[in-house]
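Structures are listed in the sections that come next.
Next come two complexes, and both contain chain A; in the first it sits with chain B, in the second with chain C.
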Partner chain A sequence: MISVLIFGAVIGGIWALVASGFSLIFGVMRILNFGHGAIFVASAYMAIFVSKICYPLSLPSALLVGVLFGLMFYTITKPVRENEVAVIIVTLATALLIQQILLSIFGDRGLTMQPLLRGVVNLFGVRFTVMRIFSIVIALTVLIALEVMMRTRFGKKIEAVSEDFESAMLVGINVERVYIFVMVLSSILASLAGYFYVQIFSVNPELSLRALIYAFAIVILGGLGSVRGSILASFIIGYIVALTITLLGSRWSEFVMLLTIILTLIVKPSGIFGVEE
Partner chain B sequence: MRVPLIYLAVGAILYFALPDSYLYTLGFAMMFACLSASWDLVVGYTGQVNLGHTTFVGLGAYVASVLVTGRIGFSTDVATSIAFSILISALIGVAFGAIALRLRGYYFALVTAILPLVFMQTVFVWSDVFGGEEGFSIGLEKGIPPELRYPFALLLSFAILTLLLIVVESRVGMRFMAIRDNEELAESLGINTTQYKIASFTISSSIAGFVGASTVFYRLTVAPDLYGIDLMLLIILASVIGGLGTVYGPFFFGIIIYLLKVLVIREILQTISLSLSDDIFLYAILILTAIAMPEGVAVKLRSILHRSS
Partner chain C sequence: MLRCLVALLMVVGCVGAEEIVVGVIGPMDLPEGKAELRAVQLAAEEINEKGGILGYKVKVIYGDTKLNPSVASSELRRLVDEGARVLIGGFSSGVMLAMMETMAEEKVVFLADCSSPRASAKVSENYEKYKYWFRISQNNGTTFAYDLADMISFLRGKGYDVKRVYIIRDEHIWTEDVMKALKPLLDDMGVEVVKDVPIPRGYSEFEQLIIEAEDMNADVIMPILAITGTDDILVKQWATLKPKILLAGHSLAAIDSGFYNRTEGSANYMVFIADGGALVTAPPTERCREFIESYKSKYGHYPESHQAYGAYDALYIYKLAVERANESGESDPFDPDTVVRYLEMFNESNPVELTRVIAFTSNHDLAWGDRYVRNWISQWQDGKQYIIHPKNVANGDLKLPDWFKKEEVKTPGFEIAVALVALIALALRRR
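And now, the complex of A and B:
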């Protein structure tokens, strides 16, 4: 029981980092970045690669991947932002391109990385690796920092752009700069999630699509565009996954994801805290 | 309506002109063209981005092959199994469409993107019935005899092309386009937009199921490449280059792109002995096309020609 509780929080915390960025991009820019999962996986691989050469550099290099990919996705979606079909095609094809490149470099075996912190702790009679507990703490800290940032002056600017970008432009907000910031910030969140994920679980290139499914399920449950909704939904999904894996086995987790999504769609199509499109 | 007949005539001439091995590949290309043209009905005509089209291809293929080989206890003949795969694709199309098409734009695209992944999980979870990652063969005696394969693909693609053209030129097709161009306006004119979107999705999915089932009898095996994301990307590529909302564009570029992928790109890669997957090139082409000319190469060329004349 306690192990499901912690396991769910680990999964929930990591997916919350992925999904909140995914949702932030949609909330502010009104585009869906199908490449978000690819950023997550590419950062995880970068961390593995660099950790073998110089361990302390693995985190900065993973985050650097996030920054660069964020800028790249900003650039390639800029000319087609108004065209839904084109945005989906461009980001999805880029994600698959990244996946193929990772596949040809690293192969399709699952890889994992030496964890940052070693050792186990004893919580209520069940043993956990320190890394799992640490990842929950970090995820929560980052998510709280994100909430706090949204209350600052700059956060208000982001909110203004997401409500109405034309009016935001009229009052002198540099909308493009906000877009770049949001894209890079979201990608960094995905990179951070990838960095922690690879120290607890193993990654393979196909994870980029799986990460997307989880992000989808979370944002549909939490409501597209609502960061707070997706954080809440991440933990709900985390516990659903943890329970599914413990009770039924891991291969059922995607089924349960789809079931959750369909139920959400039937009961409340806009999610818990959805924004109108 | 003259174009399908010309297509049929050219196809018949090629039957006598080309060697058998090319005919076999060309037949595949023709069936693939039906997939991109039917995808266009939902995306290009009705304006709903459907990323789950290949799920119905896989559904049709697996239903037909499981029924015809009797892996679930009883077996049916070829015609019945194809009929069943169309029926089941249509039913799932209606059911899924009724739930998911209440969503608009990106929300719908998101939900359809999950379909192929769930289908893949189903195939892997019940791998004793569906053959898992390896797939299975339906056996030579159940397939279409080799000399009839190409004529079968030609007639199938001719029939589907004609059907799609009839649909898009009918009143129903007009309503699809009205929904794509302005959903609120269409609704205020008394069009039940949800119903028409479901109709469009169901027609498209049934065609995908039909083509999926036919592919199995054409190539005798059923495997995950029939519903994979690679196939979906190829469908998108053919439709986007051909021009969304034209039927002809996705159909004929479907044939061209498929042949290019199978015959040319693979050949080039072998000559320069690069051990890269040929998909990498397709993805790169797709990204460039979508950024440079989202309206499609065919439409772009036409507008350039128009301007210069």
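And now, the complex of A and C:
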């Protein structure tokens, strides 16, 4: 049981970082950034590349990719922000372009990097890699920090923009500044997730689409626009995957996960914490 | 001389062109398809430099299966429509079984890459229909079972006792066939399969499986993986967890000469079977050694997958068959039915040495054995692949992982658990 607890938390933690950013963008800007998975993968590739030159710079470089891609996605979606379909097309096309670039530079086979922390810990008789435990701690810390930030003055501004951006403008909030911040912050969360993912697993360019599908499914399950819902849904998904592997077998893990999402949405179409339009 | 000239004139009349078209078909986005195309292009260049096949220049065209049976079948038909007289490639048994139907309709010789026994079974069951199909890249999947069982015997012979095996395999038609043959062999050896875990494509949570294998006291974690594409994650998590269980089985990715670097050295000590019968660092024939160097010189790197050897051999064996048909006075040495008869002459009593020693069985499988092509039992050791069994080709010996000798250091698990709980409690309090 302890193994299910830990494995579920790691899967959930990493996807929570990706999904919370995806959800934050939708909650505040009302756009679906289909390039989110590409940021996740591109950051992981940057970390691998830089780790071979100077390992300590691998994390900052991955986060830098997040900042730059965040600014890029803000810039390219700005002119089409009012048109939901155009946003999807622009971000998806950019994601596919990034995937092709990664494919031509790094090839289609998985790449990995040495974990930041090595070794194994023994928790109640079950062995886990230190990196997995560390990933849980980091993911929880970042998610808590995100929650704390939302309670600050700037966090209230973000919330105000997400509630009604026109009223927020009227009270003097610089909405564009909030949009830039949200886009960059979300991208950094995806980058951080990519960095920790490649510490435990490996990445290939195809993973960007998989990450996007996972994030999208989690966000829908949690309720579009609800960051808390996304985080909760990530952990639900993580535990479903870990439990299914243990009880039913690996082949059923994705099947049960997707079935849960479908059933939840039939019972509660707006998701767990859905924002009513 | 006159006879040859007459035959040549007849061929010109039959083919109606100054070139012979060779179609390469495979998943062109994957290393397997790329390697096949590049190897055939290399063989075609070499053959053209020496005058082609019976004076015809070899022209290479290609089709992309996209690992989709219906796409593959229509691509195969397109290649034939564009004049392909022989097809080389394939990859993935499910795709191959679909392509065999189109091949039979088009009556085109197909020197194929797939491992499912069901393909050659079709040749046995309906010879006239499927006789154009020959397996050239690797052995029939059933032989994987022989090699995996032989690997267990070899490990036991080296003093590593194997009683319990934990299998992680592709959830795919080809591993079903391997398992059917492997389970009785392991039973006969007194080896228990403690768990058989089929995994879907892209699966990544191996750590949980490795821990389960430890809990079940497995001696070997045996991957049988070619399609999943996440062999590198399995290897990384095994090398990180360092269980006292040997990772030994079939991993298509591990055969790739770049696997060690891509896994940052995690592949060290992994035992695998060299599907396709050749390794960059242990070529079984002189021709293989030359091919590997030519490939590197042309493309800047070693073959990206073992399919390169089969594809290269395919064009040369086709050339040999056509030339022998011509020497024997066949009216149309390129006629598919004629080519089939001459390919069948390369059998166990008359093998041909190319990059591997090729001989076909009566149902058009590659002959399996130490003298022919088999999945050599190999191991990654400090960045290099060594064949460790059988003796006639071995260039190295088994090395057990260095962590097998070390005592495990107890880690402060309870303290870490308490710290985690405290962190979560703090978070809840803040809310």
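In the analysis below, the second predicted complex is superposed on the first by the 265 of 277 C-alpha atoms of A that agree within 3 Å, B and C clash if a C-alpha of one lies under 4 Å from a C-alpha of the other, contacts with A are read in each partner's own complex, and residues count from 1 in each chain.
Basically, a contact is a pair of C-beta atoms (placed from the backbone, for glycine too) under 8 Å apart; a residue touches a chain by one contact, two chains touch by 3 or more.
Every value quoted in this text rests on a predicted model; they were computed, and no experiment measured them.
J.: Looking at the overlay on chain A, is there a clash between chain B and chain C, or do the two fit?
T.: clash
J.: Have a look at where A:L265 lands relative to chain B and chain C in the superposition and call it first, second, both or neither.
T.: After superposing on A, A:L265 lies in contact with chain B but is clear of chain C.
J.: In the overlaid three-chain picture, which partner chain does A:E147 touch, first (chain B) or second (chain C), both, or neither?
T.: In the superposition, A:E147 touches chain C alone.
J.: Quick one: classify A:L189 as touching chain B (first), chain C (second), both or neither.
T.: Touch status of A:L189: no partner.
J.: Let me test your reading of the model: by the given contact rule, A:S104 touches which partner, first (chain B), second (chain C), both or neither?
T.: Only chain B; A:S104 stays clear of chain C.
J.: Report for A:E84: first if it touches chain B alone, second if chain C alone, otherwise both or neither.
T.: Once the two structures are laid over each other on A, A:E84 reaches chain B alone.
J.: Once chain A of both complexes is superposed, is A:R251 in touch with chain B (first), chain C (second), both, or neither?
T.: both
J.: A:A44 contacts which: chain B (first), chain C (second), both, neither?
T.: Touch partners of A:A44: none, neither chain B nor chain C.
J.: Out of 59-67, 149-157, 167-175 or 221-229, where does chain B run into chain C after the fit?
T.: 221-229
J.: So chain A touches chain B in one structure and chain C in the other; where do those two contact lists coincide?
T.: Touching chain B in the first complex and chain C in the second, residues 210, 251, 254 of chain A appear in both lists.
J.: In their complex, what parts of chain A are in touch with chain C?
T.: Interface residues on chain A, with respect to chain C: 3, 7, 11, 107-115, 118-124, 126-129, 131-133, 136-137, 140-141, 144, 147-148, 200-202, 204, 206, 210, 241-242, 245-246, 249-251, 253-254.
J.: Chain B touches which residues of chain A in the complex?
T.: That would be residues 26, 31-32, 34, 76, 79-80, 83-86, 88-90, 92-94, 96-97, 100-101, 103-104, 209-210, 212-213, 216-217, 219-220, 224, 251-252, 254-255, 257-258, 261-262, 265-266, 269, 277 of chain A.
J.: Any idea which chain C residues touch chain A in the complex?
T.: 29-31, 171, 197-200, 202-205, 207-209, 211-212, 214, 229-230, 232-233, 236-237, 240-243, 253, 256, 258, 262-264, 266, 410-414, 416-417, 420, 423-424, 426-427, 430-431
J.: In their complex, what parts of chain B are in touch with chain A?
T.: 43, 49, 51, 99-100, 102-107, 109-111, 113-114, 117-118, 121-122, 124-125, 229, 233, 236, 240, 244, 275-277, 279-280, 283-284, 286-287, 290-291, 294
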